[in-house]
Amino acid sequence: MSRTARDTCLLLGLSVAAIVASGILLLIILFLSTEAWPVFSQVGLLKFAFDEAWYPTEGAFDLKPMLVASFAMSMLSIMLAAPLGIASAVFCRFYAPPVVRRAYQWIIILLAGIPSVVLGLWGLTVIVPLILMLAPPGASLLAGSLVLALMIVPTVALTTQAALASIPQFYWVGAAALGLSREGTLLGVALPAVRSSIFAGIMLAMARALGETMAVLMVSGNVVQLPTSLFDPVRTLTANIALEMAYATGDHRSALFVSGLALTVLVFILAWVARRSGGQVVHA
Amino acid sequence: MLSKLFTTGALIFVALSTPVIAADDKIVITGSSTVAPLITEIGKRFEEKNPGVRVDVQTGGSSRGINDARSGLADIGMASRALKKDESDLKAYTIARDGIGVVLNSANTVSTLTDQQIVDIYTGKISDWSAVGGTQGPITVVNKAEGRSTLELFLHFFKLKASDIKAHVVIGDNQQGIKTVAGNPNAIGYVSVGTAEFEAGQGTPIKLLGMGGVAASVENVRNGSFPLARPLNLVTSKEPTGMTKLFIDYTQSADTHDLVKEQFFVPNGP
Amino acid sequence: MPEPANLIDREIHPVRDRVLLGAVWAAAMLVAGAFVWLLADLLWHGAGRLDWSFLSTAPRNSGRAGGIWPIVVSTVLIVAVAIVVAAPLGLATAVLLSEFTRRGGTTERAIGLSLDVLAGVPSIVFGLFGNAFFSVWLGLGFSILSGGLTLACMVLPILIRTAETGLRMVPDDWRLGAAALGLSRTTALHQILIPVATPVLLAGLMLGIGRAMAETAALVFTSGYVDRMPSSLFDSGRAISVHIYDLTMNVAGGDRSAYASALVLIALLVLVNGAAIWLSDRTLQRKIATR
C-alpha cells in the first residue's frame, strides 16, 4: 500500500471511530425521547415547568426544584473541587518531595476509583451526622456537595497535571531567565498558559457531578423543594430517576425519562457555554 | 501499542462469537429488590436439589417484576406487595410476609405514639418532640420515595395522600431508612419490622414502636395481630408449569422457612 | 533536561511565595486527609471481615457470610470488556481530534461537544439505555457483555479527552520532523506520537478503569444481580459495587461485608494501577535504550 493510501485508510478508520463515539449520544437522546414521548404528547411540556409540585402519581410533574438542585449541587461541588484539584496538581508537580508526591499520586488515583456507593455510605454515616450537629436534618445540599467534591477532585487534579506537563520547557526557562519567583512563574506563566485545558477538566468534573446518582441519593435528603439554604435537603434529577424508576409505571415512568432528558439539556447548555468561553487557546 | 490493542480486541471477539451452551432449564426471575436476596438464596438451594437447573434473579423493583412477568421477559416476577386491582390478570403466590413498623432513634425519650400522633407528625402538624411528650427537638420526618410499596402501605393504613406528607428526608431502600434514623436522634421513620428488630439487637441505636397497642415484633406479624404488614409475592402471567411450578411450590414449602427467617421476613403458615 | 521543579525553586518574594506554599500544602493535605479518613473508616469496619476465604469463596446468606470471589471475577470481566471496546475506539477518536482536525473547527467542535455532553449523562441513564439497547434490542440480556458495553459508552469521553490531551502534548516539531523524514502520518503516529504519549494514555486508561470499576447504577439493569460464578460473557454477573450497594442498602447485617468488599476493590485498583505504572516506566526505559 502506498503512503497516501495508508493515510487515507487510517483517516477513514478514525472517522468511523469518531462517528461511533459521537453517535452514542444521539442513540441515548433518541432512547430518552421515545421513552419520554407518551407523557409529552399527553400532558405537554409546560406542565413540567409550571406545575405546583412533583407528585407524579397524582398527576403533578414540576421539575424546576430538581433542576435547580442538580445545578446548585454541581456548582457548589465544583467550587470546592476546582481549587483543591488545581492545588493538588500544583502540589504534585512543584511542591511535594518525591516520596510524598508518589504517595499523593496514589491517593488521587485511588480516590478516582472509590465507588460512589462507598463515598455515599461514608457520607451517610460520617458527614451527615456531622452536619446534623449544625442544622437538622443533616442530609442536605451541603452534604451532597461535599461528597461530590471529594469525588471529582481527582478528575480536576489529573487533568490539570496532564495540562501542566504539556507546558513546553522554554516557558520554564524563559520564566527563570526573567528572574520570576516560583509564585510568579506558577500564577503568572504556568497556570495561565494551560488555562483552557484546566477549564476543560473542570467541565468534565462538573459533568460528572451532574450525572452522579448513588452517592447523592444517599446523602442529600431527596426532598423535592427549592433549597433556601445549604442545610436544606434537596432532590437532584438523577436521584429522582434512581429513587422512582424501579417503581414507576405509565406516565410516571415517562416523566422520569423527561427528567433524564432535562438533565441532558442542562449538560448540553453547560458544555456549550464552556466551549464558547474557554474556546481560545492561550498557546497561540 | 495501537496494533496490540486491536489484536487483543479481535481475539476477544473471536472468543465471544463461539456458541454458548444454554442451561437446559433456566428460570428467570426479576422484580422487587426487597425480595431478591431471599429468592437468590432459595434459588441456590433449589439448584442444589435439582442439578442442571439455573435460577437467575434480577432486581429492578416491584413494577419491573409485574411488567416482566406480564410481557414474558421473566418467568416469574417478584413484588413486595399485594396485586393491585388492574393486575388481576396475574397470579400471585405469597412466599413470606413482612411487617412495617415505626422506628425512632434509641436516644429518643418517646416510647409510644398514637396513630393520630403519627399522622400529625407526618403531615407536619406536630414538628417538635415536646408536643408528644419527648424532650424538645425538631422532628426529622423520614419518608419513602414515591411508588415504593412500603410508602403505599403506610399511606393506605393512615388514610393519607402522598402529597399530604411533609418529609425532611426521603429514602429509597430499607437500610437507608435504618441508617438515617440511627444517625439522627430526632428522626422518625418506618421500616421492615424484622430488619429493625435484628439491627436493634446488633446495637444499632434504633427502637421499634408498637402500633395500636400491639408491639412491633416478628412474632406479632406472624400471628397476624400486627396491623401493618405486606405479603412478599411471586407473580406469573399464567398457570405455572414444569420447572417454574416446581420452583414456586418449593418457595412456599417449609423447606425454605430457615432462609426466610435469615432475611428477617416472616414465613407462611403457623 | 532540568526538572521544572528545580528551575523555579527560588524564593524571590518570600511572603507571597510562603503564602502560596502554605495554601497548596493545605489544600493537598485536606484532600489527603479526607481520603485517609475514608480509608480508615473502611478499614475500621471492614478489615475484620477480610481473610483468604472472603477472597476465595462465593457469597452465602445474601453476602452476609461467605466471600466475593465470583463477584471479583465478574467485575474484572465487565471492566475488561469495557476497556477492550472503549480503548481502541477512544484512541482512534482522540487521534482524529488531535491530528486530523483543526482546533476550533466545525468537526472538532461538534465531536467535542457531543463528548462533553456524553460525559455528563447520568450513570443511571446509561443503565436504562444499556438495558434497552444492549440487553433488549441487541438481545444480549442481562449479561457481562451488556454491562461491559454500557460501561464502554460511559468511559469513552474520559478516554478520548485524556488521550487527546496526551497527543496534543507532543510538540509540533516532532510532527514536522516526521514529515520531513518522509514518514507517512500512519507511521508517525505508530512510531512516534503514540509511544511518546503513552504515559498520558495510560493515565487516562487508569481513570477510565477506576470509573468503570466503581460504577453501580449503570450495571444494575445490564450486567445484573446474579452472584454465581459466570461461565461465559453471556452470563449475568454481579459487579462489586452493585454488591456493595445491595449489602449497604438492602441487606440488614451486610455492612461489614460491604466495607470489606470496598477494601478488596481498592486493592484491585492498586494492582491495576501498579501494573500500569510499571508498564509505562518500562516503555519509557525501552524507548530511551533504543535511542
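Each chain gets a letter, A, B and C, in the order it is written, and its residues are counted from 1.
Here, contacts are C-beta pairs under 8 Å (C-beta built on N, C-alpha and C of every residue); 3 or more make two chains touch, one makes a residue touch a chain.
Keep in mind the model is a prediction, meaning the values are calculated, not measured.
Engineer: Of the pairs A-B and A-C, which shows more C-beta pairs in contact?
Structural biologist: A-C
Engineer: Centre-to-centre on C-alpha atoms, which chain is most distant from subunit C?
Structural biologist: Between subunit C and the rest, the longest centre separation is with B.
Engineer: Whole-Å distance, subunit A centre to subunit B centre, using C-alpha means?
Structural biologist: 32
Engineer: Measuring centre to centre with CA averages, how many angstrom lie between subunit A and subunit C?
Structural biologist: The answer is 16 Å.
Engineer: Do you know which subunit C residues sit against two or more other chains?
Structural biologist: 88, 189, 248-249
Engineer: Mind pulling the subunit B residues that touch 2 or more other chains?
Structural biologist: Touching at least two other chains: 33, 59-60, 172, 176.
Engineer: So which bits of subunit A are touching at least two other chains?
Structural biologist: Subunit A, residues with two or more chain partners: 125, 218, 242, 245.
Engineer: Going by the contact rule set out above, which residues of subunit B touch subunit A in the complex?
Structural biologist: 33, 59-64, 67, 138, 140, 145-149, 161-163, 167-172, 176, 179-180, 183-184, 186-187
Engineer: Taking the complex as given, what residues does subunit A use to touch subunit C?
Structural biologist: 3-4, 6-7, 9-11, 13-15, 17-18, 20-22, 24-28, 31-32, 35, 83-84, 87-88, 90-96, 104, 106-119, 121-122, 125-126, 150, 153-155, 157-159, 162-163, 165-169, 172-173, 175-176, 179-187, 197, 200, 203-204, 206-208, 210-214, 218, 237-238, 241-242, 245, 257, 260, 263-264, 267-268, 270-272, 274-275, 279, 281
Engineer: Give the list of subunit C residues in touch with subunit B in this complex.
Structural biologist: 61-63, 80-81, 84-85, 87-88, 91, 142, 145, 189-190, 194-195, 198, 201, 220-221, 224-227, 232-234, 236, 246, 248-254
Engineer: Which positions of subunit A touch subunit B when the two form their complex?
Structural biologist: Subunit A reaches subunit B through residues 53, 55-58, 60, 124-125, 128-129, 132, 136-139, 217-218, 221-224, 233, 235, 242-249, 252-253.
Engineer: So in the complex, which bits of subunit B are touching subunit C?
Structural biologist: Those residues of subunit B that touch subunit C are 1-3, 5-6, 8-9, 12, 16, 20, 33-34, 36-38, 40-41, 56-60, 172-176, 178, 192, 194-195, 198-199, 202, 262-264.
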